[in-house]
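The same subunit A turns up in both complexes below, where it pairs with subunit B and then with subunit C.
Now for the complex of A and B:
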C-alpha cells in the first residue's frame, strides 16, 4: 500500500513542472491565439541555463537564485522572440505560427548542443532538499515534496494575478476580444509581449526546477512539448485550472501506467486524450472556440485545371526526369527515388491540408504504416514485391480510416493536435511492441525484387508512381468530390446547408490522403531496405508540412515543387553541415515570415502582376480578403 | 473643430465601402449620423478609430492628424468609441469591464469613475459583480457606454445606442446622453431612428451607400422632407 502512495506522490511531483509549462502555453494561447511549439525549447533552455548558473554559484542562494535568474533570462529571450518573430505572424493563419515556432525549436536544439555539448548534464541537488523522507519503509525524496507543494502555490499566484490585478483583467478581456481592448486604449503590442514573457517564464521555471530530478539533455524539448500538448488539450486550451487538473491526471497515468500496463504505458495518456477530445472536443475546462482562421482560401484565386501548354510543360518535365538514369550515377538515382517518394508523401498531405483545409500534424503515421505494412507482408508472409506494394498501403488506409473518423470531428488547432497524438500512438506501438515490430531496431532486409533492384529501375518505378499519384489527386481536386471537399473547407455550415455530408466527405479525404501516404511509405521501405519507428515520427510529419508550405498552400500542385526543393536541400545540407537543424529551422522561419505563399504561390503572384501590367486581365479576383465581419 | 473627417475612403477586401466621407464636429456638440442599415455608419466609425485596415483620407482630432495612428493611440488621445455590437467582456464582471476602459485623467475632458458612472446608470450599480454575459441587452448597452467613459474621452462615437432597446431603456439612454453633453463631452451618434436623434442632436449628416448626402442643423433637415423621406425609413 505504501508503495502505491509513494508512486502517487512521485506522479504529483512530476505534475508540478508539467503544470508550469502547460499553464504558460495556455496563457499564451488564450491571448495571442498562438500555439507555441517552441514552448518546449524554452523549457529546455531554462534547464540548461539553470544548470550553468547553479554550477557557477554555490550555496543555497546560488541554487535558488540561479533557478530564478535562469527563468528570468529565458523570459527575456522570449520577449526578443515575440518582438522579432511573432509580431510579424500574429495575423497569419494558425498553421504558419505552429510551423514558425517549430522552426525555432529546431534551431534551439542545435544551438543547445553547440553551447553545452551533446552529453547529458547532471545538475546539483537542491540545498535543503537533498534527503528523503521515510514513509512506512518507502523513501520519498524531500525535493519531490517541495514540488508537490509548489504546484498549488503557483496555481494560487496565477489566480491572484489574473483575478486581482489590472494586468490580469486586461489579459482576460483580451482573451475574449482583443480588438475591443485596443478600442479602449490598451496597447495590445505590449500586452501580448508581457503575456508571452510570463508564459515563457513559467516554461523556463519548469525546466530549471527539473535539474535536481533529471539529467539535462538536448531532446527534452520534444518530450515535454508532446506531453504539454496532451495536457492543454485534455484540460482545455486557455484554462489554467484545466492545465493543473490535466497535468496531475497525465502524470498519474504515467506513474501508474508503468506499473499496471507496462506494454502500453506510452500510449495510455494518448488514449485518454483521444477519448476526452471525442467526448468534449474543447477539453475538460475549456470553452467551445469560434472557428479559427482557415489556412487556405485566404485569397480569392480560383483554382483551374492546367492549360494545354502547361500540360505539355509538365509532360516535358516528366520526360526530362525520366531520362536521369541516362547520365546520372547510382547515388543521384537513389536521391532521385527518395525525392519522388517524398513527392507522393507531400501531395497526399497537400490534398488533405490545402484541398480539405485539415492540417494534419501526424501525417507520417500513414506513411510509416504503409512502410510497416510492406515489411510485415514481405518478411512474415514472404509475399512477392508487387503484391506487397499493392497491399502494404492498405495498413495506412486502415489507420487513416480509424483515426480519421475521430479526427474529422474536430478542426483547426485541435485537429492538428489530435492527429499529432494519433501519430504518437502509432509511433509508440512501433517502438514498444518489440516482438512484432522489432522496436527501435526496426525490421531489416526488405529488399526489392530483381526486376526493380537496380537503382535506375527503382527510380523509374518511384517516378512513375509519383506521376500517377499526382495526376490522380489533381483529377480528384477537379472532380465533384473535390468541389464538395473544397466547399466543406470554405464553409462547413453552408456546405451542409446545400446537402453535403461534410464529415463524411472530410473522412473520405482523410482516408485518400492516408492511403496515398501509405503508397509512398511502401516504396520507401523498399528503397531503404528497412523500416524504423522514425518512419512515423513527428519530424517526418513536420517535413511534410514544410514541403507543402514551401510549395505554397494555396496552389494546386505546389507540393510537388516543395517536395523536390525541400528534400534536395535537406539531403544536401545534412551532407554539408553538422548544424542541419539550425539551418533548416532558420529556413522554415524565413519561409513563414518572408514567403508565406510558398515558391509556386510567389511565381503565380509574379506572373499575375506581369499580366496585370500588360493587357487588362481578370486578375481583379486575386486580391486578399481582409477579415471582414 | 473637435473632429474633422476629410475624403475618407474605406475598403473591405475588393469592396469599396466609403466614398469621400467628410464631416465636422464642434466642441461640445452632439452630431447625428443618420442612415439606413448598411449605409456605412458603422464602417465610418470603425475607420475613424483605426479598426478598418484599408482606409485613406484625413482625420483630425483636436488639431492633430490621427489618420495613420494605431487604434489604442487614437483612443488615448480622448476619442472614445462605443461599438454597435456592444462587445461586453462576458466573462468579466461589471466592475472588471469598467476597469478595462480606465485611462488617466485628461485636462480638457470630464473625469469619470465607477461611482460617478453608477449614478449615471443606476442599474449598473446594483450588479457590480455580475458577469457581463448575464446582463440584459439594455444593461449591456449601458455598460458599454460606461466602459468607454472610463477612458475620460472628450469626444465619443456612439454607434446606434438605441438599437433593440425597449422604449423605457431608450428614455434612460436619452437622459444619459444629455448628461454626457452637459458634462462637456462632444458626441457623434449614429442612428436609424430620427425621433431618437432629434431628442439629443444639434446637427445631422445623412449617409447613403457610403456617401454623405446631407449636412445641416436639425431644423434644416426638418425643412427638407424630400431628403428625409428619400434617405431615411421612418
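Now for the complex of A and C:
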C-alpha cells in the first residue's frame, strides 16, 4: 500500500513540473492565439541560465535566487522576442507565428551548444531538499514534495492573478473575445507583451527547477514541447485548471501504467489525448471556440486559375527543371528528386490547410504510411516497382480515411492536435512492432527497379509525378468540390445552410491530402532505399507545415515554392555549415518578418498592387474571376 | 565553417572548391558522416580524434605518398539525411570510402546505401549486431565492439555475482532492446538459476525517472541491468540515489564508464557499478600513452571514448587504403579482410568472416575520486574473446 501512495506522489511531482511549463503555454495561447513552438526553447534557456547562476553563487540564497533570476532573465528575453518579432506578425494568417517561433527554436538549439558547450551539465541539488523522506519504508525525495506543493501554489497564484486583478480580468476577457477587448479601448500591445512575459517566466521557472533532477542539455526543448502541448490541449486551451488536471492525469497514468505495460510511456500522452478529444472535442475544461470573426484577407485577393501567360511560365519552369539532367551531376539530381518529393508532400498538406482550412500537425503519418506501404509490398510480397508505387499510397489513403473521420469532427488547434496524436500512434506502432516493421532499424533494401535506378530517370519520375499532383490538386481547387471545401472553410454555418455536407466534404479532402502525401512517401522509400519510423515522425510533420507557411497559406500553390526553398536551403546548409540550425532558423525568422504572408503570398500581393495602380483594363474585377479549369 | 569540418583548413577547402578535382588528383578523399548536431557530447571529441589521426597520417607521408583528406558531413540524427550526405560524398565529392555514423539505424541506412552503390563503408560507432550479422553485407566493416560483445564482457563479470533476482532498465529502442535481449540470453545460459523480475522501458531521452525507479524497487531485485545513457542516465542515477534504489544492489551497466556519460555525474556517481567504458587515466600501455600525449598536446583536453573511435576509424581507413594501394572498392575489401593494425588499445584485426574489428573495451567498477566519477579495477577485454564461434556467425550472416 505504501508503494502505491509513493508512486502516486512521484506521479504528482512529475505533474507539477509539467504543469509549470504547460500553464505558461496555455496562458499565451489563450490570449494571443500564438502556437508558441519556442516555449520549449525558453524552458531550456531557463535551465541553462539557472545552471550558470547556481554554479556561481552557492548556498541557499545563491540557489533559489539563481533560479528566480534565471526565470526573470528569460522572461525579459521573451519580452524582447514578443516586441521585436511577434508584434509584427499578429495579423499574419493563422499559425504563421508558429513559423517564427519554430525558427527561434532552431536558433536556440545551436546557440546553447555554442555558449555552454556540448557536454551534458549536471547542476546542484536544491539546498534543504537534498535527501529523501521515509514513508513506511519507501523513500520520497524531499524535492518531489517541494514540487508537489509548488504546483498547487502556482495554480493558486495564477487563479488570484486572473480573478482578483484588473490585469487578470483583461486577460480573461481577451481569452474569450479579443476583438471586443480591443474595441473597448484596451491597449492590446501591452496586454499581449505582459501575457507573453508571464508565460515565458513560467516556462523558464519550470526549466530552472529541473536542475536538481535532470541534466541540462541541448535537446531539452524538444523533449518537453510536444508533451506540454498535449497537456494544454487535453486540459482545454486557455484553461489553467484544465492544464493542471491534465498534467496530473497524464503523469499518474504514466506512473501506474508502467507497472503493467513498461513500454507504455512512449505513446501514453497521445493515447490519452486522442481519447479525450474524441469524447470531448474541446478538451476537459475547454469551451467551444467562439465563432471567429475572420479577417476578410481571403476575399480581398480572390483565387483564380492561372492566366495563359502564367501557364506558359509554369510550363517553361517545368521544362527547365526537366532539363536539369543535361548539365547536373548525380548528387544534384538526387537532391532534385528529394525536393520534388517534398513538393508533393507540401502541396498535399497545403491542399488541406489552405483550401480546407484544416491545419494538420501530423501529416507525416500519411507520407510515412505510403513509404511503409511500398516497403511491405516490395519486401514481403516482392511486387515490382510500378505496382508498389501504385498500391503503396493506398496505405496512406486508408490511414487518412480512418483517422480523418475522427479528426474532421473537430476544428482549429484541436483538429491539429488530434492529427498529431494519430500520427504519433502510427509512429509508435512502426517503432514498436519490430517483427513487422523492423522497429527503429527500419526496412532496408527498397531500391528502385533498373529502369528508374539511374539518378536522372528517378529525377524525371519524381518531377513528373510532382507536376501531375500539383496540377491535379489545382484542378480540384477550382472544381465544384473545391468550391464546396472553401465554403466550409470560410463559413461552416453558411455552407451547411446551402446544403453542403461539410463533414463529408472535409473528410474527402483529408483523404485526398493523405493519399497524395502517400504518393510522396512511396517515391521517398525508393529514393532512399529504406523506410524508418522517422518518415512518420513529428519533425517531418513540422517540416511540411514550415514549407506550407513559408510558401504562403493564402495562396493556391505557394507550397511548391515553400518546399523548394526550404528543402534546398536545408540540404545545402547542413552540407556547408556546422551551424545549419542557427542559420536556417535565422533565415526563417527573417522571412517571417519580411514576408508575413509567405514568399508567394507576398509576391502575389506586390503583383496585385502593381496591377491596381496600372491603368484600367487589367482590373481584377473586370475579368471573370474564377472559372473552372 | 568548412574549416572545422574538413581538416585541410579553410584555404585548402576553398582551393579545392575552386580548382575542382584535377589539381588535387593526388589526394585521397574519405567521406565521414556523423550526428554532429544531435549528439555534440560524443561527436565533438570524436571529431577531434579523427582530426588528430589525419594530422598524424599526413605528417608521416600520407597514404603511399598521397595526402589524406577527410570530408565530413552532419546527418542531424536522421537516416534519410545520412543517405543524402552519403550520396553527396560519393557522387559529388568522389570519396574513396565512407566512414562514421553513431546511431544504429543510421549505420544500417548507410550500410544499405553502400551495399546498393558498391561503396566501401567503415562504420565507426553503431552498436547494433545487425550491421555485421543479420543485415551485414560485403561492403560494410565495423570498428566498435558490438552490442553482443559488450554484453558478453559484462556477463562474464555479472555471472559471478551471487544475485539471482534481476531487473532491467533500458531505453525503448533497438539498442536498448537488443542489449537486454543478448544480456538475458547469455546470462541465463551461464546461470539458469536467475529470475528476471522486472523490466522498465522508458522512451529514449524522455525517462520519467521517479516512477521508473520506484517500480524497479518494488520488484525488489538483487541486481539491476542498466542500458540508459546520457541525460536519461543522469536522471536515473539521481532519482536512484535519492530513493536508495542502488543500496545493497549490484548494478551492471552498459557504456556508463565512458567519460561522455560518467563525467557529468560528478558527486552523484554511484559506487561499484560494473560497467564498460574508457578509463583514459589508468591505461598504461605505450600505444595509449603515445595517443594520450598527442591528444593532450593538440587540444589541451583529455580524450573521451569518442576521441578513440574517431581516431581509430581514420587510422583504420588509412591502413586499409595503404594496404590496398588503390581506391578500388574490391581491392579495399580484400585488403581490409583479416587486416591487423595497431590501435591505442593494442593490436586489432578486421575479421574476414563478419567484417567486425576485434577492438575491445574496458570493464571495471565505478567509483568516486575527488568528487568525480572514475573507473577502478579495470581490465581490457579483447574483442576477439567475446565473439560467438565461426559456425554461429556463418548462420547469422545472410549468404552473398
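As a convention for this text, the second predicted complex is superposed on the first by the 584 of 629 C-alpha atoms of A that agree within 3 Å, B and C clash if a C-alpha of one lies under 4 Å from a C-alpha of the other, contacts with A are read in each partner's own complex, and residues count from 1 in each chain.
Keep in mind that, in the parts below, a residue touches a chain if its C-beta (ideal position, glycine included) is under 8 Å from a C-beta of that chain, and two chains touch if they have at least 3 such contacts.
Just so it is clear, the structure is predicted and the values come from calculations on it, not from any experiment.
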item: Contacts of A:431 with subunit B and subunit C, given as first, second, both or neither; value: second
item: Which superposed partner A:173 touches (first subunit B, second subunit C, both, neither); value: first
item: First (subunit B), second (subunit C), both or neither touched by A:10; value: second
item: Touching partner for A:223 - first (subunit B), second (subunit C), both, neither; value: second
item: Partner, of subunit C and subunit B, that touches more residues belonging to subunit A; value: C
item: First (subunit B), second (subunit C), both or neither touched by A:574; value: second
item: Partner chain in contact with A:348 - subunit B first, subunit C second, else both or neither; value: neither
item: Footprint overlap on subunit A, where subunit B in one structure and subunit C in the other make contact; value: none
item: Sites on subunit A touched by subunit C in the complex; value: 3, 6-7, 10-11, 13-14, 109-110, 113, 118-122, 131-132, 138-141, 143-144, 212-215, 217-220, 223, 227, 251, 254-255, 258-259, 262-263, 265-266, 329-332, 334-335, 338, 431-432, 434, 439-442, 444-445, 447, 455, 524, 528-530, 532, 534-535, 539, 571, 574-581
item: Complex interface listing, subunit A residues touching subunit B; value: 166, 169-170, 172-173, 175-177, 179-188, 300, 620-621, 623-626, 628
item: Of subunit C, residues touching subunit A in the complex; value: 1-2, 4-5, 36-38, 40-41, 43-44, 73-74, 76, 78-81, 83-85, 87-88, 91-92, 104-105, 108-109, 112-113, 115-116, 128, 130, 135, 172-174, 177, 198-203, 205-206, 208-212, 214-215, 217-218, 230-231, 234-235, 238-239, 242-244, 260, 263-266, 268
item: Sites on subunit B touched by subunit A in the complex; value: 11-15, 49, 51, 53-54, 70-73, 75-76, 81, 83, 87, 89-92, 96-97, 99-103, 147-148, 151
